[in-house]
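Have a look at the structure that comes next, please.
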Amino acid sequence: MVRDQADKNDYDFRLTLKVRDYELDVQGIVNNANYLHYLEHTRHAFCDAAGLSFAAMHASGIDPVLRRVDIEYLNPLRSGDMMESCLAIRREGAKFVFRQDIYRSPGGDPVVKARVEVVCLENGRLTRGDALAEAFSEYVND
Amino acid sequence: MVRDQADKNDYDFRLTLKVRDYELDVQGIVNNANYLHYLEHTRHAFCDAAGLSFAAMHASGIDPVLRRVDIEYLNPLRSGDMMESCLAIRREGAKFVFRQDIYRSPGGDPVVKARVEVVCLENGRLTRGDALAEAFSEYVND
Amino acid sequence: MVRDQADKNDYDFRLTLKVRDYELDVQGIVNNANYLHYLEHTRHAFCDAAGLSFAAMHASGIDPVLRRVDIEYLNPLRSGDMMESCLAIRREGAKFVFRQDIYRSPGGDPVVKARVEVVCLENGRLTRGDALAEAFSEYVND
Amino acid sequence: MVRDQADKNDYDFRLTLKVRDYELDVQGIVNNANYLHYLEHTRHAFCDAAGLSFAAMHASGIDPVLRRVDIEYLNPLRSGDMMESCLAIRREGAKFVFRQDIYRSPGGDPVVKARVEVVCLENGRLTRGDALAEAFSEYVND
């Protein structure tokens, strides 16, 4: 398992999405790379909800960048499926660690479980991420 | 680190690819999901080289499916960059484990390092993957 | 102009979508190919609303296929933008012709205007599309 | 037909590409939007060959942008297919018009035929495109 069992209610943010047919591959299931798109879109929607758009961050010289993704594929999504994409965030030193799980909706079958590590560049240099942590202070415990 | 240090010469297959501009995002670097496309394309090219096309496998009821991807992002690729996408395969029980590393070319800076687990379905049921293992016998040690 | 001026109220179907950041390219605007994804997703959502899923059609041997797309790019979408994707359908012989226009929302600036031709294969052979026309009878005038 | 019959030898640039399996959809054929990716990649490779990278143009304030694409889908590409992507360029006032045709290779079956209109922005304002025309002077006749 990627991580210990987590309470399904224990997330900081949830987003409902629907599979689009162009995301399917020849096996009739969502192509593996598209789950990383779902995860990224969920993180950006979470940032928007926290008042931080990626466009605004980039314009002010702050660029969150991905360091590592560890993703388990549990049950594939198919044409017409709805999903609930869930996210919890915590800080580990200079890293922000997102626990991101997607469930089929309704029903709640787990689809993917992922652990995503992000670091923060300012003007191209690695930082401790304090600017980001302040924006996320409602959610992040050091 | 995803895994212990490996000898750069210790791969079963190598593929040279070039970044396409539509793979870049607004930060001017290849979007994180596209590396999973590179990795998948490399696995399929390896299968082709071993005499196993995905289309032919699917037609005969054999479907390799992804179980887990653990990918570290080390140095981003940009417009015009070339890469060497390298693959080593081994078997662990019912799983095939691909070690997949991408290097900038020329120069050899590491771009991503990934560990990819694949299992084999036959007519929708999980198998030990013996059919696949036979095709890969030149490369796979049980 | 792709076609004569049309009344903005004169559509058979409307879908609201939001730009996802992975759809942007290095210029900070939605990449040109992604508009074809928006258009396809809108057609499939329209088919769903008419009681015809693409998966179900494919399973029963009916495959609508694209013959031609003529798309004008008028105003680019950027990070965070919402759009209204509008569709009107009519039949021309064996072809279904979709007029598909996307507007920025709110505001209503035109984003793309497209004319999309679809024909209908049954078990791989071109048909007059009568099965599809019946499903669309509420919308299509021969 | 999008345009008059053209001599197959009458192109300014040719690029050989191979279908990647993640470009296929559930019908087992390349998804319609991916042909726009092939066409864009071919234009950028042509620019590179003419000594003009998109990254360099963007950095110097010159941004070619798409105005219109008219594309006919003639024969779909499938898993493992190779293609030859061909391009001819001419200038029409402030527009650059690309005739872009893709053929299956070997064999030469036509896959798509497209007409692509591009205009040139300098620092966000529409220009006559003289800077671009000069770079393409070997190919473009006013």
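For the reader, a short list of remarks on this structure follows.
Per-chain residue numbering starts at 1, and chain names A, B, C and D are given in the order in which the chains are listed.
Assume a contact is a pair of C-beta atoms (placed from the backbone, for glycine too) under 8 Å apart; a residue touches a chain by one contact, two chains touch by 3 or more.
Just so you know, these numbers come straight off a predicted model, no measurement behind them.
Most remote from chain A, judged by the distance between CA-atom centroids, is D.
By number of C-beta pairs in contact, C-D leads when A-D and C-D are compared. Computed from the mean C-alpha positions, the centre of chain B lies at a distance of 30 Å from the centre of chain D.
If you average the Cα atoms of chain C and of chain D, the two centres end up 23 Å apart.
With centres taken as mean Cα positions, chain D sits 35 Å from chain A.
For chain A, the set of residues touching two or more other chains reads 21-22, 26, 28, 31, 33, 37, 40, 54-55, 79.
Per the touch definition, chain C reaches chain A in the complex via residues 20-22, 28, 37, 40-41, 44, 48, 53-55, 78-80. In the complex of the two chains, the chain A residues touching chain D come out as 21-22, 24-26, 28, 31, 33, 79. Contacts from chain C toward chain D in the complex involve residues 2, 26-27, 31-34, 36-37, 40, 54-55, 58, 63, 65-73, 76.
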